Amino acid sequence: MKKVFSSADEALNGVLKDGMTIAAGGFGLCGIPENLIAAIKNSGVKELTIASNNAGVDDFGLGLLLQDRQVKKMISSYVGENDLFMQQYLAGELEIEFNPQGTLAERLRAGGAGIPGFYTATGVGTKIAEGKETKEFDGKTYVLERGLRADLAIVKAWKGDAQGNLTYRKTAMNFNPECATAGKITIAEVEEIVPVGSLDKMQIHTPGVYVQRIFAANHEKRIEQRTTRAA
Amino acid sequence: MPWDRNDMAARAAQELEDGFYVNLGIGIPTLVSNYVPEDYDITLQSENGMLGMGPFPTEEEIDADLINAGKQTVTELDRTSYFSSSQSFAMIRGGHINLSILGAMEVSETGDLANWMIPGRLVKGMGGAMDLVAGVQRIVIIMDHANKAGESKLLKKCSLPLTGQGVVDRIITNLGVFDVVEGGLKVIELAPEVTMEEVRNKTEATIVGS
Amino acid sequence: MPWDRNDMAARAAQELEDGFYVNLGIGIPTLVSNYVPEDYDITLQSENGMLGMGPFPTEEEIDADLINAGKQTVTELDRTSYFSSSQSFAMIRGGHINLSILGAMEVSETGDLANWMIPGRLVKGMGGAMDLVAGVQRIVIIMDHANKAGESKLLKKCSLPLTGQGVVDRIITNLGVFDVVEGGLKVIELAPEVTMEEVRNKTEATIVGS
Amino acid sequence: MKKVFSSADEALNGVLKDGMTIAAGGFGLCGIPENLIAAIKNSGVKELTIASNNAGVDDFGLGLLLQDRQVKKMISSYVGENDLFMQQYLAGELEIEFNPQGTLAERLRAGGAGIPGFYTATGVGTKIAEGKETKEFDGKTYVLERGLRADLAIVKAWKGDAQGNLTYRKTAMNFNPECATAGKITIAEVEEIVPVGSLDKMQIHTPGVYVQRIFAANHEKRIEQRTTRAA
């Protein structure tokens, strides 16, 4: 059961299908699977539904998939950094399902954990709860949200091993562990593949059972808001 | 003399208690961290997966893997811990964060909050705001008392789509501090030289009590 | 000649596929790990929070912080990862474990399983068994064909309280291998010298097919 | 906001009340808050409801609380190692609510995460689902289980710091992180209190926000099933 692949293209071989649902890790441009996104763009696959907190920027991250109109629908909490997204959305060419950020994270976690539905107070009394079931617990109203699984999850980790064990770095972790659990197939790109046994066993944020394919690649790691203080 | 942005942030810092875990929204709320009393042990949560957010980095310290929920580069502290998004919102939704200070477009006299969407305009999304207002123990809003057209942003009923229903505890505007209480908004404090009459004139929401 | 415990465990090992993640129950299922083909890469999950369970420790290796779900001291491997209980059962409930091999008191012809409770006797609890049978991709049962009184444990309907409803895929007994199919149990394989007639005589559940 | 206390007794000061609900970490005797349990025994507090995967053994762990009949009810998945438990249960002196192990873990996690209810396939069609709501999702039946919070959570970690950050060791982690999130007050006992900043920031399994009080103590770490192979 060889999990290690040599490139994004090789790792995606036989996996992509028009109309599939993809869960993508990352927050803004931080911790995004940038090599997999680029390879998905080059593959020409279409009609994608993508669950990702954000939609990248016009020329980087998931924004790349908008250039050739490969995305049918986004499930996101915030897409404000992407002009192309707005144009396509306002032109009716792109569907958006807004999920509160915590609800999106929990939906992916629940999907991966075999939980088809859970109740949250988030969004009760707002547009987000319209058309959804609500229920009272101890006198307070909660809305039923569904677990979310994806045909494919693409995630970016710091280091990984041949067993698929992954460890993340700082806030580049974000949605990646949740996406990894929600994919029927999960592909991880890492900065470095290390020998099995060299990751700290108490710090394997994503155990290998969740990862079917893994490859190492370079990462540009573009910064969206470079803010500094005087030295 | 009404408060300016920094006055409002300084006033909001009085909402902090020693030992608090706090989530600050984008914009004026971010300024609150400049006014934390020195002897207070305050921990800032950033909902993208960080507890114990430090100041902006120097040019040399910039790390692309270390940003806040506004996607700005930040730094870590000795106390910092990192975790995934579902764990971050478990913390928020589960009521473990003491206080969140956020901006707003509108607040109603029953504590409804609208701060994520203007129909007909570009819709960017709610990000983590709906989870914060539903889960955090206490919600304090900082915003101008009136919009650019001079209309009250403290309303009987919000006209914009809600971020949360009955979620706001306190509002700090350039004119004063207001609590959401039974029957409307109660004036807690007025900015210097601001009178109750001025507040009543400039507020659509019901002002209760003295 | 019916199979003994080790024969049954060896037969159950044929259910493994290279690369499988497996959870083995207490008792005979534990023996299956002795029969894993050498060229197979099999990872054992222990539901108390460990993926990649190693063999029992030597006296020198014993670590009180390292036990399996049967509370026995075990060892770790190069591949091992540790995690909390909710994460462990997220893995199980979410269908990420390929196979679980468990013992049973009774199995019905519709795949119902009873293995946790005998009313009127001491009740110890179901532990993780209900989660395993509900969540793991494939459930294989190893048990004696009959109980100590000589009565079939493969029943039309379980008499004991269920662990799961319609959850069993395959049953390995001392007499053979049986699949839960439409209409009843199908004989997949017989132990040496065991006949279909013997199986029919010793089985209360409906035997379908040849 | 001083979180560090000198002993279990000091850390429990003012916290215990008759009739309260306590969530206790540990699996069998592994990773149990043994000093807190001993201090609770000595306190004489009564009528406790305790959520814990197991009930200890007769003379160690939560079994100690049974000796003086301090426990009214256990919420557990397996109590087979405790004869005293069985005697009191069969005599009608002790109530037991059995939860499947994964359901118990998820109930504690959900309680701590502000999720009042979630659906699981675990236990559908069994006694466990009796009297509980069920719901179909995509043609399959699931049972509604409730989030669980506790007045007090007692957990055991390996190392901790003055901010309440905790890190666990191997399978002694088990239910401890979930219990830590579910407590209205959470008290952690650790083997060592280390300086703030010395724990690996990617390996803080329980961030300090969940921990109100912490102390260091010695741990017997009794082993329940000592199994070995020849060297």
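Letters A, B, C and D mark the chains in the order given here, with residues in each chain numbered from 1 onward.
One rule holds in what follows: a residue touches a chain if its C-beta (ideal position, glycine included) is under 8 Å from a C-beta of that chain, and two chains touch if they have at least 3 such contacts.
Everything numeric here is computed off the predicted structure, so don't read it as measured data.
Enquirer: Provide the labels of all chains in contact with subunit C and in contact with subunit D.
Expert: A
Enquirer: Return the chain whose centre of C-alpha atoms lies at maximal distance from the corresponding centre of subunit B.
Expert: Chain centre farthest from subunit B's centre: C.
Enquirer: As a quick test, compute the distance in whole Å between the mean CA positions of subunit B and subunit C.
Expert: Computed value for the inter-centroid distance: 54 Å.
Enquirer: Please tell me the distance, in whole Å, between the geometric centres of subunit A and subunit C computed from their C-alpha atoms.
Expert: 35
Enquirer: Distance between subunit A and subunit B based on Cα centroids, please, to the nearest Å.
Expert: 28
Enquirer: At least two other chains touched by the same residue of subunit B: list those residues.
Expert: Answer for subunit B, listing residues that touch two or more other chains: 76, 82-83, 89-90, 92-93, 134-135.
Enquirer: Out of subunit D, which residues touch more than one other chain, so two or more?
Expert: Each of 106, 109, 113-115, 120-121, 168-170, 173, 201-202, 205 in subunit D touches at least two other chains.
Enquirer: If you connect every pair of chains that touch, what shape comes out? Choose line, ring, star, complete or other.
Expert: Shape of the chain contacts: other, as it matches none of the listed patterns.
Enquirer: Please list, in label order, each pair of chains that touches.
Expert: Pairwise, the chains that meet the contact rule are A-B, A-C, A-D, B-D, C-D.
Enquirer: Mind listing the subunit A positions that touch subunit B in their complex?
Expert: The touching residues are 27-31, 53, 76-81, 86, 89-90, 96, 98, 100-106, 108-109, 120-128, 158, 168-178, 205, 221-231.
Enquirer: In the complex, go through subunit B and note every residue touching subunit D.
Expert: It comes out as residues 18-19, 21, 41, 43, 45, 51-52, 76-83, 89-97, 134-135.
Enquirer: Of all residues in subunit D, which touch subunit A in the complex?
Expert: By the definition above, subunit D touches subunit A via 106, 110, 113-121, 135, 137-138, 140, 142, 146, 167-170, 173, 200-203, 205.
Enquirer: Show me the residue ranges of subunit A that touch subunit C in the complex, using the header's touch definition.
Expert: Touching subunit C from subunit A are residues 1, 109, 111-115, 161, 163, 165, 181, 196-197, 201-202, 204, 207-210.
Enquirer: What residues on subunit B touch subunit A, complex-wise?
Expert: Spelled out, the residues of subunit B in touch with subunit A are 46-50, 55-60, 62-68, 70-74, 76, 82-86, 88-90, 92-93, 112, 117, 122-131, 134-135, 161-166.
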